[in-house]
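Consider the two complexes below, in which chain A is the common component and chain B and chain C are the respective partners.
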Partner chain A sequence: MRALQYVSMLFVIIPLTALIVCSLIKRSRQNAAFYLLSAFAAAQVGLALYGLMLFNSLNISEYSFGFHITQAVADVFTLKPASLVMLLCIGLVSFTSLLVAYKTMPANKKLSYLRLLSALIIGMNGIVLVNDLFTMYLFIEIIGISSFVLISTTKTEEGLESAFIYLVMSSLASIMLLTGLAFIFMRTGSLKFEYLIAINNTSAEVSQNALTYLSYILVISGLLIKTGAVPFHSWLPDAHQSADTSVSVLLSGIVIKAAGVYCLMRVTDIFGNLYAIRLSLAILGVITIAVGAMFALHQNHFKRILAYSSVSQMGYMLLGISAGGILGFIGTMLHIFNHAVFKSTLFTNAAALHEEVHTLDIDKLGGLQKQMPITATTSLIAFLSTAGIPPLSGFWSKLLIIIALWKANFIGFAAAALVLSIFTAAYFLRLQMNVFWGQTPEHLQSIKEVKGTIRFAEIMLTIITIAVGLGFPFILLFLEASGII
Partner chain B sequence: MNFIELAILTTGFLLILAGCYCLMRTYHIIKILIGIEVAMKAVTLFIAYAAHINGKIGLAQSFIITIIVVEVVVAVVLAGISLNLYKKYQSMDLRNIRKLRG
Partner chain C sequence: MKEILMLAAICVPLLGAFLIPIFGKAITKLRNALALIFVLTALLCSILLLPYAVADNDAVIHIYLPLGLSIGFHADALAVFMAITSTLVSSVIVLYSFGYIKDYPNQNEYYLMICLFIGAMMGLVYSSNLILLYMFWEITSFCSWRLIGFYRDRTALIRANKAFITTVLGALIMLIGFIGIYAETGTFDLSVIKGYTLPSWIVAVILVGILTKSATFPLHNWLPDAGVAPSPVTSLLHAAVLVKIGLYAYVRLFVVELNIDKVFETIVPVIAAVSALLSAGAALKATDIKRVIAYSTISQIAFILLGLSCGVEVGLAGGLLYILAHSIAKGGLFLCAGIVEHALHTKDMSKMGGLIKTMPVTAISCLFCALSVMGIPPFGGFFAKFLVIDEIVSAGQITLGIIFIIGAIMTVLYLARMFSLVFLGEEKAKAHEGTKVMLASVIILAVLSLFMGILINLPTELVKMVGGLQ
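On to the complex of A and B.
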């Protein structure tokens, strides 16, 4: 218990320290700040794994902690196994982003990137630890503000414009979310998760009421904008395309999940097992998968294809949430982790191509298999994992989501999810063929494989994809032993 | 429900509608900023009304103050982005600023 207390406090203290150090450090020492922040991100991965081991050995399901200054902030945070998985993803993606930024960020922007990244990690670590709705809103805004500035740091026209679109869309999300919160607050007088769950289970007068339904719709729509689900997805590809690649890694890898999917999971948890909400989330999920995949088929920009692919994968997570139950929950968490890993790999490949070839237009690329073998292979493995080809990690999480849908009697949705994963394979095959396979054009003959931190990140993430995929039967055995499957 | 409560609720709804209309139907960047601010103010009105109903005034006060701080930060970031966009395009009209397809 003592160890868990220290570990949980470190998740709050580490990013705060990082922000203070990065704000105080001189520009001439910015590389030191880089190493420090990378060490912190790696430490977060280690701590999250250690925390999971502690949870397993202590056999508890959650642990509340806070700052014992006054009674009001004594238990502001709650650590759960699910939040530990999210913290693991946050550490991993931030580490990858730092590795990529070491090469791609312009030298005069590095320090501001580091400061904003630590602010972003504060927001994301906070959001997975909170236990009331208002604090959740606050951390969503912290994440939002740091991502707007991160997208526009390079001050290109596209960057500024997409940051503007993102800001307007997420202001709309905040307005919806807060109006919903005001209605919930009006009915119940508290925004604590535990209290809301209890009152929804006991009092039918509160849980089945027009105002309550209205507030659910508002809160869920607000979070869907943040997720980038289909009617609200327009900001996502723009932001991903025009930001620096290290920022795209962060946005696609973790921001849309921490501020969107994870919050949606917590919120649907509160609202109980309402069939109407689950059904509408499932329908939205299928539409999101289909539309994301269709748009991805028609793009010519490498990062734009990846962004639409993220939209499409968000649909699988929505399906997992809508399936409900412990199995859907586990499937969604694992898909969040797997998506963080393989989408970071693909964006790292985009960074490698941009560093070496200086373009990401897939019509101008071609036949780079010989010139860039590591990038080509890692990209192939990541895309096989995204498409759900058996031994790799992406297959297992999709399988769990589909089984959960089947068990929840959403058989049509399960079939749709299966069929639509063919489209995933289609657009990635098009990408792989246009960029890496086929004849090498004259002007690309002299391209060399990328070196240094980007190559390291590619190899590291691919090893994780393969290892998780091969080790997954052990996780399944563990789940079976716990009586979940 | 007495007259004042009704007036607060109606004002809140009208302000939110006005803010969202401003957000979606105007093309000037500063008008969009004002729209966001107006809608957020309406939300604080709702929270104040909620506290009036359930009697938790202390909690609602802290909520409202936090929201005001957050929205000022958002407004500052938006103003900074708009300033940079103006420097690039010499225009505040969104119809002139269309590099991306959306």
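On to the complex of A and C.
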């Protein structure tokens, strides 16, 4: 228990320390800060894995903690296995982002990037640990503001424009969330998750009046903006395209999931088993998959394709949430993790291309497989995983989500989700054909493979994709041994 | 012992494939030899498994996983038969590649994909679990995608993408059916649900997957276009392995393991009949030599499907026998077309003619293989076709029988047309005979076609055991 206490506190202390150190350090020492933050991110991955082992050996399902001066204050944070998985993803994606930024970030922007990243990690770590709605809202704001500044760090015209769009959408989300929370608080007098879940299970009529539905709609819409689900997706591709690639890794890899999907999972817990909510999430999920994929088919910018692909993949997570049940839950968590890994790989590939070829317009690229074999192979594997080709990791999470949907009697949605993954294959086939496959044009003959941290990130993430895919039976056996399924 | 043999048959080509690029960087000869050794290992292990399978002492591996998932492999007579058929022809194709592919770039990827493909085929035939089946199915789609686009020109890439999209879409629709089975029974394990009667909608969606993979009308469109691939690849995809996957899945799921509604014994043969006639017509009109053979594949696949689906046991045996005969003969035809294409640098038959003088070995091998596909006695194809049509007629389906006899006559016509355009008549272009390795490969397949007919007893006995007849 003691070990768990230290581990859980470290998740709050580490990013705070990082923020303080990065704020105090001199610009001439910025590389030291870089290494420190990378070490912290790697440590978070290790701690999260260690935490999962502790949970398994202690045989508990959650652990609450706080930073008490006196014992009279209630615990503000709750650690669960699901939050540990999220913390693992946060650590992993931040680490990748740091590896990419080491090469791509201009020297005069590095320090501000590090500070903002620390703030972002505080927000994300907080959001997965909180146990009441209002604190959740606070952390969403921290995430929103730090990502806004991160997106605008390039200071190009379109960078600022897309950051502005993000800010507008994000404030809209805040207004909706806050109003929704106010309605919930008005009705129940508390915003604690535990309390809200308890009253919804006991009194059916409370959950049936119009105000309740209105508050639910507001909260969910706010979170859907953060997720980037259709029809609230407009900010996402612009932000991804114009931001530095290390920032796109963060946005797609983890921000939209921590501030969006994960929070949605928490709040749908509160709303209980309302069929109307689950049905609308499922419909939105299918629409998101379809629309995201259709847009991805028509883009010519590498990162824009990836951004729309993220939109489309968010749809699968929405479907997983709408399916509910333990299978839907595990499927969604696994898909969050898998998506974090393979989408980070693809953005790292984008960074590699940008470093070496200095363009991300897929019409100007071509036949780079010979010149950049590692980038080509890693992107191919990431693509197969995204498209759900077994035995790679993406297949298993999709399979679990679809089985869960089927069991929840959403058979039509399950079939639609399966058939729509052909579009994922389609836009990635187009990408592969235009960028890596085919014949190399004259002006690209002399391109060299990317070196250093970006290459390391590509290889590391691909190994994870393959290992999770092949090791999936062990994950299942582990889940069974810990009594979850 | 038998379990180890089965695992070796699957894992040696499947995992060995990834060693090929490593060796290929250093010594190309060693890489080529390794590729052949991996495939031959699979063949040898499958042959060694045969006595066990025949004696009903099957190799079985079964590992339990939660949620009704499992990892299961089962080497019954049908699986071993399919494994031997596909690896036999594949080995010859790999041998042929040594000559055909040696001047092109990206050979490491080529041999990697070929081995991975054959390994996946081994995994597919031996797996006794729907999810594993689906997994290997998709790996073969992936490999064929890379192989069809081998030449890297725009047309090849687009057609590779087309083949990939079509077969993967079919597979996804099939997966809906698999999940439907899972929802009804709670497991993906075929050994657990043996004998379960499938609801018709599940049969229908699984059929979509099978028909796309086996390129049967109306889902055949990707196959003729995939002819842009190198000839050993088309031979592998269109003759030996890929199109047979769908047929194998049909037998495995709908005949051996699960029961389906009687109505499909009419629906599937009708689909097959339409497919046979349309593609035979297309083959008569095509001018591209590989397109003729590709359309002929679609047409012959329909014959096999008819035999498998008519619900009569002897018909089933005929269908299986034809899988073997067709793999050998059609594989040989594609390889011969490859030699011609290599020598003339064109696939257009109107620019060919009189090649029998300059390429006598290729011409005779091509003739042997063509005779087998036409179904002329004493070649292997005759007995298989005869069994299928004989059974469908004695089962009372006279109309279908007549349609298929028309189909068989058309086969004779278009293959004779092809042969005369390419090898007979006046000499329009200068040509030279293929390399020794390539000639050896086509001779092996031509001789096998002939001997399979002369020694028809041997495969027939095997097939009878596979089909459960004594």
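Here is the rule we use: the second predicted complex is superposed on the first by the 471 of 485 C-alpha atoms of A that agree within 3 Å, B and C clash if a C-alpha of one lies under 4 Å from a C-alpha of the other, contacts with A are read in each partner's own complex, and residues count from 1 in each chain.
The definition used in the following text is that a residue touches a chain if its C-beta (ideal position, glycine included) is under 8 Å from a C-beta of that chain, and two chains touch if they have at least 3 such contacts.
Here the structure is a predicted model, which is why all the values come from computation and not from measurement.
Asks: Looking at the overlay, does A:186 come into contact with chain B only (first), chain C only (second), both, or neither?
Replies: It touches chain B, and chain C stays clear.
Asks: Report for A:437: first if it touches chain B alone, second if chain C alone, otherwise both or neither.
Replies: second
Asks: For A:300, select first, second, both or neither according to whether it touches chain B, chain C, the two together, or no partner.
Replies: So A:300 meets neither chain B nor chain C here.
Asks: Applying the touch criterion given at the start, work out whether A:5 contacts chain B, chain C, both or neither, answering first, second, both or neither.
Replies: neither
Asks: Going by the contact rule set out at the top, does A:175 touch chain B (first), chain C (second), both, or neither?
Replies: Only chain B is touched by A:175; chain C is not.
Asks: Have a look at where A:273 lands relative to chain B and chain C in the superposition and call it first, second, both or neither.
Replies: In the superposition, A:273 contacts neither chain B nor chain C.
Asks: Scan A:162 for contacts with chain B and chain C and give back first, second, both or neither.
Replies: After superposing on A, A:162 lies in contact with chain B but is clear of chain C.
Asks: For A:414, is the partner it touches chain B (first), chain C (second), both, or none of the two (neither)?
Replies: second
Asks: Looking at the overlay, what does A:31 touch: chain B (first), chain C (second), both, or neither?
Replies: A:31 contacts neither chain B nor chain C.
Asks: Taking the two structures together, which residues of chain A meet both chain B and chain C?
Replies: Looking at chain A, the two contact sets are disjoint.
Asks: Could you pull out which chain C residues touch chain A in their complex?
Replies: On the chain C side, the touching residues are 63, 65-67, 69, 71, 105, 131, 134-135, 138-139, 141-142, 149, 152-154, 157-158, 161, 164-165, 168-169, 172-173, 175-176, 179-180, 182-183.
Asks: Mind pulling up the chain A residues that touch chain B in the complex?
Replies: 134, 138, 141, 144-145, 148-149, 152, 155, 157-158, 160-165, 167-168, 171-172, 174-175, 178-179, 181-183, 185-186, 188-190, 234, 238, 241-242
Asks: Write out the stretch or stretches of chain A touching chain C in their complex.
Replies: Residues 327, 367, 370, 384, 387, 389-391, 395, 399, 402-403, 406-407, 414-415, 418-419, 421-422, 425-426, 429-430, 433, 437-439, 473, 476-477, 479-480, 485 of chain A touch chain C in their complex.
Asks: Considering only the defined contacts, which chain B positions touch chain A in the complex?
Replies: Going through chain B, the ones touching chain A are 16, 19-20, 23, 29, 32, 36, 39-40, 43, 46-47, 49-51, 53-56, 59-60, 63, 66-67, 70, 73-74, 77-78, 81-82, 84-85, 88-89, 97, 99-102.
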